[in-house]
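The structures come next, written out as structure tokens.
What follows is a pair of complexes built around subunit A, which joins subunit B in one and subunit C in the other.
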Partner chain A sequence: MDSAKPQLMDRPKAEARHAASEASGAALVSALDAILGVQADVALDAVPVPHRRVERWKYTPVASWWKDVLASDVNTVAAAGCEANPVPGLDAYRLVFVNGAFDAVASDLPVHTGVTCMPLSQRGNAKLQDTDSFSPETSDWFAGLNGRYSQEGLYLRVAQGVELDRPILIHHHTSGEGAFNVLRHDIALALNASVKMVQWSTAHAGAEGSVNVLTRADVGEGARLHIDKVQDEEGTVRHIAFEDIRQHRASHAEVHTITVRGAWVRNDLTFRINGEGAHAELNGAFLPGEGEFVDNHTTVDHCVAHCTSSENYKGILYGKSTGVFNGKVFVRPDAQKTNAYQQNANILASKKASINAKPELEIYADDVKCSHGCTVGQFDSDALFYARSRGVGLEAAKAMLVRAFIGDVLKGLAVLEVRLEVEHRLAEKHGWEVWSDHPNDEA
Partner chain B sequence: MAYDGKDKVLEELTGKSYEFGFTTEIESDKAPAGLSEDVIRMISAKKEEPEWLLQWRLEAFAVWQTMEEPNWPHLNYQKPDYQAISYYAAPKQIKQLNSMDDVDPELRRTMDKLGISLEEQKRLSGVAVDFVMDSVSVATSFKGKLAELGIIFCSMSDAVKEHPDLVRKHLGAVVPTRDNFFSALNSAVFTDGSFCYIPKGVRCPMELSTYFRINESGTGQFERTLVVADEGSYVSYLEGCTAPQRDENQLHAAVVELVALDEAEIKYSTVQNWYPGDENGKGGVYNFVTKRGICHRRSKISWTQVETGSAVTWKYPSCILKGDHSVGEFYSVAVTNNAQQADTGTKMIHLGKNTHSTIISKGISAGNSHNSYRGLVQIMPSAENARNFSQCDSLLMTDTSGAHTFPYVEVKNPTAQVEHEATTSKIGEDQIFYCLQRGIDAEQAISLIVNGYAKEVLNQLPMEFAVEAQKLLSISLEGSVG
Partner chain C sequence: MLKINELKASVEEASILKGLNLTINPGEVHAIMGPNGSGKSTLASVLAGREEYEIEGGTVDFDGVDLLDMDATERARAGLFLAFQYPVEIPGVSNINFMRAAVNGKREHEGLEPIKGKAFLDMVKEKAKLVELDGRLRNRSVNEGFSGGEKKRNEIFQMAMLEPKLAILDETDSGLDIDALRIVSEGVNAMRSPERSFLVITHYQRLLDYIVPDVVHVLVDGRIVRSGGKELALELEEKGYDWIKEDIVA
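Moving on to the complex of A and B:
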């Protein structure tokens, strides 16, 4: 013991290294400033570049690649075309963004009374929503990056009482190498307005680069916002998405995040509930395969009384994949009668898969009902035996269990066609036999 | 409020003063404030320690100087000035203690007031007690009787002198000096503590108990406990703490290390009742404790804690389940009141095959206090068929208190089964209504409900301690616990 050798790296040394990497980051930022032009005055040096000692990035390593984002060759990547509508049979208004640029030809903007929907770059003098000290831009480096450089995205305003007849599909597509795909969607729904939205991200098999999407939505009194978010990106695309949702009285907001495919995916959702009687719903399913990394961070901030929130995340991890779940329910001192529920269940389907879960509750009001549950397990051997003894093969039996396991999340998707396509793509990725009566499967 | 009387109960609950706030006027030998290599050499010299231990301390001190006090806990407190603390205080008569009768009468009265009269314990309950005042162990009872079985139960300073090989082998093996800021500080300046060794195959016939007390002002307590249970042995170990009522924040930074060798079992129970400060948060003890045990093959370590005191608690009794088929348990009731803050929980590190762990944590927050559970369940790739069950419930008594849960679950083996659940609520008005309907008044109803709520953990305590634990709960939550 008296000859104990120091086993950790000396702290001063580690700090010096980190300081050095941050300095080169600053140099890269100014280089990017020159290429892209600063869109908004968001200071990037106010928050540190994520590293493992930052609690929110504890399980999410970025040290090896974050500088690639800044070194990306932003404007010169040739954008290859993509299928305008990735969801067969879906009848929706459509905005297509390829490598961060709006593709007017592939898009189909809604023409509807009371709806202002256009690409961000065409909004003229219309103002975007303000950020405040709780916005991700002020607390997260990647969100800061988005705030500083994003110039394209969706600008949507829905007037009082308007219910959009068809969903709005936003299709993000990445192609080529070194693409830096920064988008910001700015949404505001007035009193009793209602919108369904699908955000679908794809990438070419050879694509390499990063996607950084920030969605800010203001859900007015009694308004309903429903977002189905599907990530199905081939290639090595690092996808980071922020949702900053503000809810007013009696509003209803749902975000369903399905990660089908993605080399490196992080979803960071923040719901701020500012009006009584509001309900927030966050569901997700992630099924990473060999070498993939999926991180879901959620924050539900109950600021006022009489609100409810419900959260359900399911993960099945294959191959050498890593999953992260961090759910935070925050109940402020005056938010009495809050009812918050959070659940995260995971299945490790492979020897090399790992999951890091951190379901948190932070509660400052006493008359509340808050609960969370978190489980990690494997396929139930009894259930597999039951199926196999009736002539169902092992893989098919597992696929059945998967379907049952994530079924409640998939059922929550607002648009039927999206659900069918997600099931189809999952089955395709994992080589399962047909799951459902999908139009594509009949052929 | 839907019922009468609750406010009164809660008022009483927040109004109850600290029962153990007396000081003992005995002469003591106290080092000047401040920490330097010289102070460490002075402590080591005073305790007539061997050279290796001094070197070990100095190394820990060097490491400590490069470390930062952790900022990650959910706690808000004035960081102590480590140069304003005296790192050594001892009752002066220490040398004369050969038998119980030599104990200073004033000190004896202190023990009586604490309800641990050594004489009485000796006669009635058969509990062997090691009493640590400020930093020095002042009395150990039943030493002779235990020695017949080969059990070593003595103060750490005696152990260093009498059993240097055992101490050297295990000291710092479970909690390395550079583990964290407070363990490094403790390793550098620890002054005493308890040492316990149970030989192979021996079942310790009585509960072993340590009582800690901070007495002097301007001091900190840094004790070190090491329990080694050799193959196939069993021991149940109890620990209790109190401190006088002072306006300053006193520091308690202890390290407890448990070693359960093959097929051994250690049951470690704590009733922590350091002075919690007054209702405005002035004064109170900072309780920054590192507790960890290592389980070898088929062994079991069970932590039970009842946390009622301290202004600030930072404590995570942990189990490293290294051996196959080993078992780790953690049962905790943490009560915070007034301005108290607690960030406590456990770590279960599964390394061996078929390892099991259970975590039951019950938090009760009253007054303006904040009570956090922070726990880690880690299943490493080598831990085939590991199993964990965690349950952390929080009960909120007032609308100005807070209850927080920060569980970390890290699983790297697909055969693991990990379950975690947590709930936060207040005492159900329907439950109280049900009692009122049947002629049970509000005070008794709350008592009934809180008692039932904490029962799962209190049941784990040894008989001798369960009574004391209930008493302490009733001090912290006057009128709430019967």
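Moving on to the complex of A and C:
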């Protein structure tokens, strides 16, 4: 696993300083053009460079992204390996990307009729999906960066009616200082195809750098896509992830985003529902600790009639951490009989933690059912006292409430082993005792 | 077991307990009656360590230690139990896991290893039988969607699991049907022992037919204004509280 790849830091210090002082997109782009090479002609000057006055990035500390990306002095990246399998006991096909480069030795690609699965760089003449005026690349500068520089990732095509027998695990690992990882996953499921995917991101304790992942999935008629996405990065990694999900008739797509650990995380999900009878599901749990920042932006775009969407995000913020939730739901004029549900609940576990939560519903059809709820609160003091009056310690009682609070989100994860490992890692991070099972489990 | 001396407590600037004295010896059952709002549940909460209540004076000795010096968890582990007037629902936490945490908390305090799965389940079975707690309730979330009576049974089940030295039962009889009242009372009686004391808060003398108290106290406006034998409860049932209040004024 010692695949090294040219890093941004290869450029001379002075140039970096210059770019930093300019703090301008153009300077960075020309620096990156020279180092990474332009992969696709995505113009970056049409969209605003993110800063606090750009609405989409209003509550996100982008300045620290700039500072980190531009300021590193390190010239080489030690491409230390990562754990062979971040999810113990999970029997899955695997694609491992270390510092943005495909690690063939650590990977285990599916050999399966009707499944084309390979690293993006090996796809030859096969075309990626088109971007259009709704794609993140067209509206967001960071997504544009991904479009311009991504050269590696997953290329997956699943033929009609094919159901993959095991999940596909994509493991992103970041190590060393100054990593600048840009990955693109391009997925298309044909009629009635079905795939479960796990995206697991880790970083070495000393890692510094940035990760930019864009996942585009075309979910064909009657097809089913489940993505369990787990972010558990140590070190100081600025992680930006885009999901661009396009759904056709009677398709089913789910993305579950669990942020266990991450210094600076931005998730940007877009579901475009273009076929009747489709269902979109997006759930998330984020538990930032001291100094961490987690931002979840979601957009569900109901373009046609008779579709449903369900969204449930839970945040628990510890120490001096910051969270953002922004959930947009569009119901277009043609999208009659839409049933859209959105829920975001947050617990501030510390007086110093803060969250900016904002549901944004834009409904242009009249015969629809849309509900949303957004809460920010503290621990339920009655429940805490009740537990303590039974001899449960304060911290244990809080942990109990936290586990109950996010239990419904974790239960939604498509892959059981992922859920168990998430629980394990959360317990480890927060110093909880072993995770007790949930009351309403079928098993 | 418990010695309360001139206890004064307030909540949100309003003083509720205004110099309360009460002594309960090991093995005794004391009942507290009193009008709504007189401070009975406040006394229970203050003893259990609810932090919203401000202690403004007085002392509480619990089996030789200063109760007011301990937090709620420590008090429970030291052997104090409160059966809530309004048991709290905790969605997403199963009754059984809740009790496991409670039992293990107590065991940790006693320097014991966490209880083994089998031993714990046997214990649950045995104690649930005591109050005829429906088996399905054990796996449901704590008190969530329980009927009023089920919640009260669950409180006594928890008490049985934790085997406290002193149990405070705050209106455990309210919400129980006639049969449940008998079953729960029998459960309590089965736990009576020379080392264990009870403080039973109730509005109705009927409960005291089942759980026969050694002493009955009347709490009015934050003070115990009268104490007597179990016949005091009968007298109250007959005459209400007005005559006592008049007595105090006079």
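Here is the rule we use: the second predicted complex is superposed on the first by the 400 of 443 C-alpha atoms of A that agree within 3 Å, B and C clash if a C-alpha of one lies under 4 Å from a C-alpha of the other, contacts with A are read in each partner's own complex, and residues count from 1 in each chain.
The rule is simple: a residue touches a chain if its C-beta (ideal position, glycine included) is under 8 Å from a C-beta of that chain, and two chains touch if they have at least 3 such contacts.
The structure displayed is predicted, hence computed values, not measured ones.
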{"item": "Partner, of subunit C and subunit B, that touches more residues belonging to subunit A", "value": "B"}
{"item": "Touching partner for A:373 - first (subunit B), second (subunit C), both, neither", "value": "first"}
{"item": "Partner chain in contact with A:128 - subunit B first, subunit C second, else both or neither", "value": "neither"}
{"item": "Contacts of A:363 with subunit B and subunit C, given as first, second, both or neither", "value": "first"}
{"item": "Contacts of A:392 with subunit B and subunit C, given as first, second, both or neither", "value": "second"}
{"item": "Partner chain in contact with A:355 - subunit B first, subunit C second, else both or neither", "value": "first"}
{"item": "First, second, both or neither for A:408, with subunit B first and subunit C second", "value": "second"}
{"item": "Complex contacts: residues of subunit C adjacent to subunit A", "value": "48-52, 71-73, 75-77, 81-82, 84, 87-102, 105-106, 109, 139-142, 158, 162"}
{"item": "Touch list for subunit A against partner subunit B, complex", "value": "1-2, 4, 6-8, 10-12, 55, 59, 333, 336, 346, 348-351, 353-378"}
{"item": "Sites on subunit B touched by subunit A in the complex", "value": "52, 55-56, 59, 63, 66-68, 72, 74, 168, 171-173, 176-178, 379, 381, 394, 396-426"}
{"item": "Residue ranges of subunit A in contact with subunit C within the complex", "value": "380-383, 385-394, 396, 400-401, 403-405, 407-408, 436-440"}
